[in-house]
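Shared between the two complexes below is subunit A, which has subunit B as its partner in the first and subunit C in the second.
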Partner chain A sequence: MLEDNLWVRFLKRTGVGLAIVIAFFPIFWLVSTSFKPIDEWQRFPPVWISSEPTLQNYRIVFAPKAAQEFAAKQKGAISYKVSGSAWKAFGDSAVIAIGATIFSVLFGTLAAYSIVRFHTGGSSYPFQFLVVRMFPPIAIVVPMVVLFSILRLSDSYLGLILAYTAFTLPFSIWMIRSFIEEVPEELEGAALIYGMRPLQAFLKVTFPLIRGGVLATALFVFILNWSEFLFALTLTSGHVVTVTLQVANYVSASSGKLYGVQAAMGTISTLPVILFGYVIQRHLVRGLSFGAIKR
Partner chain B sequence: MTAKLRLSGISKCFAGRDAVRDLSLTLDRGEFLSLLGPSGCGKSTTLAMIAGFITPDAGDILVDGARINDLSPRRRRVGLVQQDYAVFTSLTVRANLAFGLEVKGLGRSARRSAVDRLARLFDLGDVLDRRGGTLNMSEMQRVALARSLASEPELLLLDEPMSNLDAESRARLRGELRQLQKSLAQTVLYVTHDQAEALSMSDRVAVMRDGEIVQVSTPDDIYYRPANRFVAEFIGDPPLNLIPCDVSADAARMAIALAGGAVFHVSAAPIAWGRQWLGVRPHDIELVGEAAPGTVPALLRFVENFGARHVLHAEYASDLIRIETVSAARSIGETLHLRFSPERALLIDRSSECVVPFRPLEAAA
Partner chain C sequence: MAEPVRSPPSPRLEMRMGHRRLIPFNVAIALPAQLTVLTVVLVPTAIVVWLSFTDWQPTQGIPWYQAEPVWFWNYYDLFHDARFVAAVLRTLLIVAVCVVVEFLLAMSLALLFLDDWPWRKIAISIIILPMMVVPVDAANAFFMLFNDRGPINYLISIIVGRQFEFAWLADPNWALLPIMLAEIWQWTPLMFLLVLTGLMNLPENQIRAAYVLGASRTRIVLRIMLPLLTPVIIIALLVRSVETFKIFDPVYILTRGGPGAATETISMFMYNGAFVYFRIGYIAAAALMILVVVAAICVNLSRPLKRHHR
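Right after this comes the complex of A and B.
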């Protein structure tokens, strides 16, 4: 172990600090904007933290009618038209993102297990999965729109769930594959010898050891699904509205985009992800460090 | 109830390469047989076929005469200890030992008494309530062994079970395992690449190479009467010396001439005249004080000191040979006088690499 001198330590701290600032600045700006009154949204020089923070943006998100009545009593209130409901958007996104995450992780686990233990599809099979991810998504979207309209899947929950599952499955397979590879095959061998069926051995011996990894994969896939915009935009037409689509709905006839309201919606929409991450945090650490397995 | 195992012409091919080729082998009830060979020789594949993890492409696996090729592992009554031990790290030792019994649906009290009996046998009483992940290698090994015997297997398969242990535990366990196996009259198939384990514990040893069994015999036979050059060189520590010799013959006897003037006369043996090999174990070479008829000179190059014995590396016939001897003060560069005795030497055919039997007539010059 080499000891760093003062200069190296200074550089390291500065580097880490810079990385944190760069990574967190957009989040800071999002949250900050969500509390700004309308005249501060695009002001130059920028308003970092509003001197008159307001909850009006959040009111518009959750209770557009009440917000309008409230605004009528204030001077300089904006006129806006809100289509769709944030509540419905959260509901739709929850159904679609959770459904697609369950499918993706379920199929991903089964496929990864088969690839690792039975060498299904040969050695290049896992790479073939990634091919889908090498196209720019927009190239896939056009034929998907046509296909979905033929199959009558457009603008439906099932349609988006299937599209998201297909899109995230390669990630699921790749991530879970690496977790399964960490589990010694001998453990399953022992379980088989001492009386278990193959599926039982997988569920009772292997799965508990990769549970943390599977949950980490689920979180990752959930974030992808929750924040997806392109498929949601092209494969729906008003009946199904996800959170990302709802953000784009906050526009005003007179003032253009309602940045503050969009920021409020954006801030709220990160909460489920943070919550999910917090709930499985204990598993994340165990899953990613693999402390449970001693070789 | 311990059983008899017969492998009849089993083969397994992976990606166009024969891992095991037409292998036949019989283990008697209560026999301890080792499959010994270098890594990649197919011994673990053979074991995996008996355990049921892989299916042979051809041939039959018979336990007490019944074909078990198509049985799933859980229906085969085998116990298995693997190199990694595969102790369930999140379960307690008690749960590990009871694992097979629980899956088989044995009652609570029956499980408890079986676990207690095994814990006594393997001295695991103190760690019964600890989790598998907290054990050291030697404890894991005992847990794995105890677990494998819990369900009273017909056949116990051990796959390099000692390779993760330190030398001291290994030496102790060799004796203990053999005693236990005898007291239970348990049929054991032991896979190893360590000749000391195979020779010291087994009733018989099967030496494997490239997916085939080269020789199956008692440890004495394997050591003193190897079938060919591979077995002769693979067994023995320090390894056998292969010394070039010239074979010639007259009417009723043959002569084996070594560089430096030593000649043995032996009975006629089925070997061609000309350059062949004489295999001599390092401990079968005698050191004599001074040059005498029948001795050959060799130049001492270096000495390996093992305490009570030394292994001398000496230059003889432009090659280094090993001589194992009691320790004594020697200086590098001195000339040694070696006497080879034909009684225990092996005559090896250079073209077929087979060991050719012969009978020494006299050890004259």
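Right after this comes the complex of A and C.
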């Protein structure tokens, strides 16, 4: 757009380079630490990249047997508190995140369709869903613990799925709404002339056009569900363990400084999300601004 | 930005809806979403109103609906609770510092990406990496970075030229810094992406014209780009302020509000009160107060978003 001289261009590239280093370093450190053997965890000056990388940390995270051996060997030096393998956490997180994503996107699509095509509830109706997102969840969590104990939902998959669905619905509705708005209503009108019912017209005509957007929304909601921590922490008590809870368990166990193990759990728990994030990179802006800013 | 299509439902659509139903079709399909939100938000809010007038503690062994009412004493206590007031002020401080720093960093970074150069796309992909990381893991990484023998202290050692070992997270005066840095590190990319998208969508003609007419670079940024960008900036600041206000994950992972209560935010205060000290009635009062304040702010702040959607 504007021409730069060489000096300005050099400064600009340096700035970008610095930003890249800062953005990347903590992640590099997490991954690098996860491959370090125990005697390098705390060395000073720090070991940047281990010269004798090991998978020991991952073994401890995934296999309870390796974890027990490790705890026995390091007795006294390290307090090893976390029991249970990461497989369980991954399974639980997958069930909850996928379940909640399906409900959220399904309900969200229907509601968005109703809002865009029928103006259900008037122009301020969609905003009541946004308010849900703006409330600090902790303020809702305290009575929710009471409600869930009445409904017998505490520490259950269904309970977390319900909570996650409700708190990602604002994203689903607003994102999908912005996709539907881009499809002209006349297309559905034409289908109605051929005798389709409204829902049929929506599913057969509009939906195929916004399928990519709905999929992006689903991945986006999945990322939110997978990353959620507060509800998982407060609405469960040991039976259901999500990935984020498992990470927190390792960090709190590191009062005995289990840096390597903690880094291994951190690395594998954040990987799927980063992958999905890049898949929907084009739609991230739309999602995080509730459909207000489009690319 | 495409102008959303907005016209009243076509008469034909309305005609098809004409046959009688118990619930109109359009309401029926919005119902699942509405009911989910009602169960998870409105019912708990009703419960929280009742609890806030009691001093219910689950450890006393009385069911919650039989709890002793104390009426407005919880609220009276809250206003005289230095720890609660400090948590509120601390949260506001975190919001102010983080959002402003994120915005300044994002804005200056976005200006570096205006022109096209070979590695631009890849550079953007790396810079937005932090926002893809699970927040708990971002905090996890910062926990290790700020460890007393970690890389941050090593960098400082190099700069000051002698061994520097400082337990950041155990010092009441400094523990807030790693928390805020983790938050800024993770969410500057989001702000950057929002601002950059806004900048790329600006009409190029005006900027080119100003350039041809001899306007200086600073003048173009301040007089043309910023004003045109205002709606995007407002949305970015709004979204980030609301999210930062709820800050919990990095605080929990890094310090749990400690040492003492030195890093307690509103969310952390309520978590500790409800799940560590079990003072549910008292925390319910705090929760209700926060809900009312947030709702009031939301009603006013949602206007720019509304305008943008029209």
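Throughout what follows, the second predicted complex is superposed on the first by the 219 of 295 C-alpha atoms of A that agree within 3 Å, B and C clash if a C-alpha of one lies under 4 Å from a C-alpha of the other, contacts with A are read in each partner's own complex, and residues count from 1 in each chain.
Operating definition for what follows: a residue touches a chain if its C-beta (ideal position, glycine included) is under 8 Å from a C-beta of that chain, and two chains touch if they have at least 3 such contacts.
Nothing here was measured: the structure is a model prediction, and the numbers come from that model.
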Q. Of the two partner chains, subunit B (first) and subunit C (second), which one does A:251 touch, if any: first, second, both, or neither?
A. second
Q) Between subunit B (first) and subunit C (second), which, if any, makes contact with A:184: first, second, both or neither? A) both
Q. Between subunit B (first) and subunit C (second), which does A:142 come into contact with in this model arrangement: first, second, both, or neither?
A. second
Q | Superposed model, subunit A: greater residue contact from subunit B or subunit C | A | C
Q) If you stack the two complexes on chain A, which partner ends up touching A:192: first (subunit B), second (subunit C), both, or neither? A) both
(Q) Going by the contact rule set out at the top, does A:208 touch subunit B (first), subunit C (second), both, or neither? (A) first
**Q.** First (subunit B), second (subunit C), both or neither touched by A:7
**A.** neither
Q | Common interface positions of subunit A, toward subunit B and toward subunit C | A | 184, 189, 192-193, 197, 292-295
Q: Over in the complex, which subunit C residues touch subunit A? Could you list them?
A: 1-2, 4-10, 12-13, 16-17, 25-27, 29-30, 32-34, 36-37, 39-41, 43-48, 51, 64, 108-109, 112-115, 123, 125-145, 147, 149-151, 154, 157, 165, 185, 189-190, 193-194, 197-198, 200-201, 204, 207-208, 211, 217, 220, 232, 235-236, 239, 242, 245-246, 248-249, 252-253, 266-267, 270-271, 274-275, 280, 283-284, 286-288, 290-291, 294-295, 298, 302, 305-306, 308-309
Q: Give every residue of subunit A touching subunit C within the complex, in rising order.
A: 1-2, 4, 12, 15-16, 19-20, 22-27, 29-30, 33, 42-46, 103, 106-108, 110-111, 113-115, 117-121, 123-124, 127-147, 162-163, 165-167, 169, 173, 178, 181-182, 184-185, 188-189, 192-193, 197-199, 223, 226-227, 229-230, 233-234, 243-244, 247-248, 251, 254, 257, 259, 262-263, 266-267, 269-270, 273-274, 277-278, 281, 284-285, 288-295
(Q) List the residues on subunit B that touch subunit A in their complex, please. (A) 51-53, 72-74, 76, 78-80, 82-86, 88-90, 99-100, 103-104, 133, 147, 151
Q | subunit A to subunit B touching residues, read off their complex | A | 184, 186-187, 189-197, 205, 208-209, 292-295
